[in-house]
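Pasting the structures in now, so scroll down.
Note that chain A is present in both complexes that follow, paired respectively with chain B and with chain C.
Showing the complex of A and B:
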């Protein structure tokens, strides 16, 4: 039991440790063999470099700013913008959508639900070429607007699926609301949403992480343009003169939002149960 | 207070009838029980009275006013739902207050109503707790307080005690009846538990398959069930049924049981003998005898000791027959002879 856990921890944490360590090293230290577990002269130089600042270490080594700095900064801002807007739109769409599928009965419900869920099963790569062709014609390549649309096609089905399971476990308080004099829509707005706010919050966060991490579409549709996102701007390090410490520092930044979210919300996330949505 | 009248009430879901052509009158101040197995349409009937469901056809009258299409709130009904449902995100006081949100009362009046109903149900110290911090009985009391605070004309309860344990249910039963008599509010109570029905109701309406099979006082329902369904559903342990036919032999009426061909000698005053196919008797209306003057010989299948008495379960003709006795000296697989009290038997 514990051995399994141990192996799993090593398996997941070692690469993370290995990569993150690079962010705090000078290029010389990176090349030392055998590698040191935690070198003494660690510094935050790489973090200054990727934002376009030179950095001088304690022993007077000048670390020049990264040539990718403008892409990284723009990527961060764009990612933040795209993620927030996508999350807001996603939530406006999915809360009523998940409510409809989990709490109401109507004709062709199963068929309609399957159509939505089918898009969860589609790998993004399979719709990439159609999207690209369409976007070229519409002039949406390299725009944040286009990226938001494409991000929504990922977040909406998946988060709807999650929220349906959560909504279904909420007791039938709509009846209570209607006896107390609330109309159907008022009950949804003033009773149901407050009751399910934890689940909705988790859904919003998951949607944010999905948008933040989205890479497949962004790498084709916006990479190298003004609308570049953070993950794609990191990937462009791969084609430059190698600066592992810069790549590593960027990765570090990219991990922060999901990490914060996971720590603060794990209590609520465990409340969500992703069940068979057709049950 | 209101008199409720249902006229030809029908509710269809797709092509399935949940309630079919139902007629029912609940008198002013009456405690009426809707009793039936799950899926018999009792909750749908209640939801139609509440206004949560709009009937497919038929009419609902409160004090001779047609309310069939009115929304729940304008009917001035209060409802307690299965397992005493409350808003999980609000504390008890806010929960009770929600009942008064859409009324024209001033804040002082609301405050006063809440404290009145809280003291009636003895829940003053629970007011700042959330529902998940309450025990089953406390939840039940808070849900009841939430219902009575509006001073409704009609009080509707949908299996409110189904999730509680037996001991607590027993306490709450009498509390609820006592409260209903004090307030004298017309009450409709849905349950599938026949003990609850027998002990609480002024009258019981036994439902089956979307229809009321029989309506009457608990005693009427128990002693004079009109249909085999009612006879089998009400009473614990359940009634015994024997299938067969009545024959007339030399002026004596005999009930001949199917396949075993045992004969049971009946009283002389039999009528309509050709219409009956089932003989029914309650477990306490048969006794175990030792002489040769017996009706059936049975093999014991199981014994349930209730302390005061025992229920002997016998296997007969692929069915079970239950007999109540006070003699504890029987064992499984013993053969016993029983005699049925002919004055108490029923035919269907």
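Showing the complex of A and C:
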């Protein structure tokens, strides 16, 4: 029993450790062969470097600041901006939509629901082709506005789908609102939303994570421009200027927000019933 | 008497969702239609976008292209392996976590970490793990006295490495949903199973498994869709390499459209991918899901 848990934790955490240890190494030690499990001289140098500061290790090795620092910082800010704005738009759009789909029966409902499910299944790479052509025509490549629009094509369908399942499991409290003399809209705003705020919060957070982690669109539409996002800004450590320790340190930073969120929300995640809308 | 009480369901639904539906049309349907229109043209990027109508010849060009069939095969192999691994791992994790143990919240928080990591990040991580020079498997091999490199990003095992990494990322989510299903199984059933002197496996098969079947079906579909449309993970892990060994359909479409700038050809191929995705889920529903519905 505890052996199972132990193996499970090893399986989960080893890949993360194996990569993140690079962030704490000096460039000379990274390519040591054979690779070691526990390197001896670990330090926080790379974390200073990616923000544009030099760092001197205990053995007096100077680690120069990364030339990409300005890109990384800009990427962080842009990512934050794009993620927050697209989350807000997503939420404004989907809460009423999910509500109508989970609570009311009307014509064309199944057809519309299928359209939403179909858009969940659309590969980002195929959506990207028409958007790329349109953006080239409209001059929207390299803009945050353009990126937000495309990001919505990922967040809206998926989160709507999740929220429909969640709303369905909420008991029919609308009648209470009716007894208090509220109309439909007031019932929705003053009775339904407060009751379902947990689910709405989780949906918002998931849409934030989706846009925060979005790479495919950003790598084509905004890479190398002023609107560069964090994931694409650090990919330059991978291809153009390979610095494994900087890449690892930045990746570590990028993992923190989704990680915090996942830890806090893990008990709610399974409440978001993505299985339900299909029944 | 308030007037808006008189609004019918349909009118209310329209009022609430019409703006959204327009929005969806704008960001989903219109681009899709535009992509279809592009796939009927030869698109050239030099000196501004130019379109030349060529009918369905892009679609014909795809099916006569050897690279397409290779990529299709890679995609299918990767998807089948990913799906089996993800579901098995998810089920295993759920079963382990469903037993009572100490520090439950802490351990569950650690188990969910892989899911929270971005796919491009996972790709970078698993590239490091699989590579012979720096890899985890080389380190383990050396621990047991070997002195060679164990390189998984070679032509034999790179797809398996991709599937393993993909399963590592997806399985916690599957596990959490299965776990919430398991927790609704009444304890009484296990007591009854004890009276029947069932073995552990019989208990799993007759008591735990049946209520999970619908969730497993849904996640099989989700994993298939996610694996077929996966791009960034493959892009950062192997760039479709070595050679074209791990070049899935998504990667092939990426290369055609954004490296060779053959946008029309690329969108034609992406419609084949879309048919594959929709087709495989429909087929799965037809063969399996239909029977599970209540």
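Note that in this section the second predicted complex is superposed on the first by the 259 of 279 C-alpha atoms of A that agree within 3 Å, B and C clash if a C-alpha of one lies under 4 Å from a C-alpha of the other, contacts with A are read in each partner's own complex, and residues count from 1 in each chain.
Note that a residue touches a chain if its C-beta (ideal position, glycine included) is under 8 Å from a C-beta of that chain, and two chains touch if they have at least 3 such contacts.
The structure displayed is predicted, hence computed values, not measured ones.
**Student:** Clash or fit: how do chain B and chain C relate after the overlay on chain A?
**Tutor:** fit
**Student:** Return first, second, both or neither, reflecting whether A:181 touches chain B, chain C, both chains, or no partner chain.
**Tutor:** both
**Student:** Could you say whether A:247 touches chain B, chain C, both of them, or neither, answering first, second, both or neither?
**Tutor:** Only chain C; A:247 stays clear of chain B.
**Student:** Could you look at A:139 and tell me whether it touches chain B, chain C, both or neither (first, second, both, neither)?
**Tutor:** Neither partner.
**Student:** Touch test for A:194: chain B only (first), chain C only (second), both, or neither?
**Tutor:** The first partner, chain B, only.
**Student:** Which partner does A:172 contact after superposing on A: first (chain B), second (chain C), both, neither?
**Tutor:** first
**Student:** Which chain, chain B or chain C, is in touch with more residues of chain A?
**Tutor:** In the superposed model, C touches more residues of chain A.
**Student:** Would you give the minimum C-alpha distance from chain B to chain C, in Å, for the three-chain superposition?
**Tutor:** 5
**Student:** Overlap of the chain B and chain C footprints on chain A, residue-wise?
**Tutor:** Residues common to the chain A contacts of chain C and of chain B are 178, 181, 183, listed in rising order.
**Student:** Using the touch definition from the top, list the residues of chain A that touch chain B in their complex.
**Tutor:** It comes out as residues 170-173, 175-176, 178-183, 191, 194-195, 197.
**Student:** Along chain A, where are the residues that touch chain C in the complex?
**Tutor:** Residues of chain A touching chain C: 1-2, 4-5, 8-9, 11-16, 18-19, 22, 30-31, 33-37, 93-94, 96-97, 99-101, 104-107, 109, 112, 115-116, 118-134, 136-137, 149-150, 152-153, 156-157, 178, 181, 183-185, 188, 209, 212-213, 215-216, 219-220, 231, 235, 238, 244, 247, 251, 254-255, 258-259, 261-263, 266-267, 269-271, 274-275, 278-279.
**Student:** Under the definition above, what is the set of chain B residues touching chain A in their complex?
**Tutor:** 50-52, 71-73, 77-79, 81, 85-89, 98-99, 101-102
**Student:** Sort out for me which residues of chain C touch chain A in the complex.
**Tutor:** Chain C residues touching chain A: 2, 4-5, 7, 9-10, 12-14, 16-17, 19-21, 23-24, 27-29, 31-32, 34-35, 38, 43, 45, 49, 92-93, 96-97, 99, 101, 105, 107-121, 124-126, 128-129, 133-136, 138-139, 142-143, 147, 165, 168, 172-173, 176-177, 179-180, 214-215, 218, 222, 225, 228-229, 231-232, 235-236, 250, 253-254, 257-258, 263, 266-267, 270-271, 273-274, 277-278, 281, 293-294.
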